Amino acid sequence: MNTPRSFLFSPGNSRRKIEKGAVSAAHALVLDLEDGVALSAKPEARAVIRQAAQELDFGDKLCLVRLNGVKSALLNDDLAALAGAGLDGYILPKVESAAEIQQLHQLLNEAGEPDAIIYALLESALGVIHAPEIAAFPTLRGLMFGGEDFVASIKGKATAERSEILYARSALVTAARAYQLEAIDTIYIDYDDLEGLSREAKFARTLGFSGKFCIHPQQVELVNSGFQPSAAEIATAQAIVSAYEEHFKHGIGVFSFEGRMIDEAVVQQMRQLL
Amino acid sequence: MNTPRSFLFSPGNSRRKIEKGAVSAAHALVLDLEDGVALSAKPEARAVIRQAAQELDFGDKLCLVRLNGVKSALLNDDLAALAGAGLDGYILPKVESAAEIQQLHQLLNEAGEPDAIIYALLESALGVIHAPEIAAFPTLRGLMFGGEDFVASIKGKATAERSEILYARSALVTAARAYQLEAIDTIYIDYDDLEGLSREAKFARTLGFSGKFCIHPQQVELVNSGFQPSAAEIATAQAIVSAYEEHFKHGIGVFSFEGRMIDEAVVQQMRQLL
Amino acid sequence: MNTPRSFLFSPGNSRRKIEKGAVSAAHALVLDLEDGVALSAKPEARAVIRQAAQELDFGDKLCLVRLNGVKSALLNDDLAALAGAGLDGYILPKVESAAEIQQLHQLLNEAGEPDAIIYALLESALGVIHAPEIAAFPTLRGLMFGGEDFVASIKGKATAERSEILYARSALVTAARAYQLEAIDTIYIDYDDLEGLSREAKFARTLGFSGKFCIHPQQVELVNSGFQPSAAEIATAQAIVSAYEEHFKHGIGVFSFEGRMIDEAVVQQMRQLL
């Protein structure tokens, strides 16, 4: 499967929204048991998710559940209800140490799901500080960034420019990429501002994120396309790679292409794009 | 006491400036024994501060002294002169390791002031690198950022845009907030540029700083108000929290409010603002 | 010797380009054995460099070779060919740990060049994460940033604004300066865009870089001047330092100068500039 770009949230207690997610263009569905579901509704949500996972056709979407965190005392009940339901994997929220991933890994082993995908959602100052040690934990698929919780954690203020999360975004991407993990960007909260979303998805791609959370089906296409290189980018990349291979045959590792210096590093960027 | 926003410097050897500080609207006074006082004037400054601390009425201001650093060979004399003078606490400058905080903590214990407040002023590249370990030291009240010294330390150049300190500011805030500490932003050097100051105070608030140093009494009000949410922000925050509580009763943890998605994370930001 | 500003790359297998570099205004020449030279051309490049090092007059330029990395299986052959050729030092590319510097240091000892200068080129997410531990290795002269490789490593996208490398640049500078090392900025790839280069060199200086790579002789002068303070800056710096020394005689460590507060930290910046 290709790298998933769009991760669409659906509240775990809404069969209707899960069904809408299942027919959306999202690359991954996030069936939520955590902050999108109030405490009183968690048992119902577990049952709804289990049934949906067994009945619905998710196509080639990644089907993930956002669990409650290790410190919540709800995690064991989440896993007891969901084990064996055929989910692809889990998102562990509010992660602040590698020990929490270790704990989930252990619980999944005991639940007979040793190969379930695990994403770590980092959304606090402490989580960002520990991002490198978390990313180094061997069984992880990706780091995800929870920007709204992070801003609450640093007692900052969310702005349109998002300067308050630039450091955390880059720190998280750098940690994730250092260990060959996916890096998933935070939600875009104003779900009617599609232009702003599109700009932010493209920006997240430049920063090194591989995908982005969505909170509404109408965000999905723009996130997918925001992480997609344009036709012009692809054409340039192909031309540069071809020119590089031609030069390389003659022992030349660095050359000029339309006023830019091309070497191995640039070619590597182009190959990733293709 | 509420979180202090404005930390006003007064040179320790100027009784007149200390008196002006005492009647200002600053939330905290910083009586300086360090870089604001030349070596020859330090003994006089210690005596002036001791007498001022005993004679002046500081209202509900936090009364702090910026000591000389652990590496300066002046710290023992500072504490010998000030112990028991009734100060609220101390700012340790040029901190580069948790061991320095440990050392001050030990000296304060010996001086009979085990409960004095300690802030760590980080103002070098090495201090910023060690910010997480410093913030983790158990008895600290806050981290403070010395931007001018930091720029000298990295051999950079201070600019109006302040790109050269954005990384360090965010690194320091993230470390401070990871351990539930206050985070105090650097001075604004052009003390006649009140508009620039106001912009910078508001920006520092978005980044997660809880307060900011002042070098002139005319800066105090703008720093206080820069960290204060506007009436419109407060009204919105109250409406969001009310709506969240109403939804929560019905098992709903995520809902729509004026085109934005509201969940626990957003509500936490709003509660902090209130 | 003064701090070198411009580090000009020449492919190691091009005697002609090495000769052009030798007569350029670059402060340091980087004779490349790594990505600028295809695998088949490496033996020839080693011979060309050895001969050039022995025959050409490099004036007071620093004469460096960019070796192949520790993981490349080419490094021993590089050093066997170059030891004793009279080079000033080496740039180790793709460094991701202090152990790699240790390994080169050991090899240089064995090759009879214990005092050769070593720069570490960091150009991956993991390298940036380990920048502090690498910088702390005792025998290093500087950290260098490989921006194009770094962008490939985080799977980001190179933009004109360079937001995607701001974090890594500041992290690298902070690590380098924490251990009194030089910090050399990445190349500017569009070698015909001299205005953009000049802007970027000046910006790199504000961030704390001490110099910058060049990929074309026409970039050298602009890099040299971009790291040079202007006449007005120098005049202001001299006036501030004089005023500070005058005040200091009277016990005053902080004073006002043209609407700005001057203290030890500002004076330290000014002294570095001079």
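Should a chain be cited, it is by its letter among A, B and C, assigned in written order, with residues numbered from 1 in that chain.
Rule of thumb we're sticking to: a contact is a pair of C-beta atoms (placed from the backbone, for glycine too) under 8 Å apart; a residue touches a chain by one contact, two chains touch by 3 or more.
Here the structure is a predicted model, which means the values were calculated and not measured.
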Superposing rotation of chain A relative to chain B, computed on C-alpha atoms, to nearest 5°: 120
Residue-number overlap at the chain A/chain C interface, same or different (half cut): different
Between chain C and chain A, distance of the C-alpha-averaged centres to the nearest whole Å: 35
Sequence positions of chain C contacting 2 or more other chains: 166-167, 171
Residue numbers on chain A that touch chain C, as the complex places them: 132, 166-167, 170-171, 173-179, 203, 205-208, 210, 247-248, 250-254, 256, 259-261, 263-266, 268-269, 272-273
List of chain B residues in touch with chain C within their complex: 9, 11, 13, 32, 35-38, 40-41, 44, 123-126, 128-129, 146, 148-149, 151-159, 163-164, 166-168, 171, 187, 189-193, 215-216
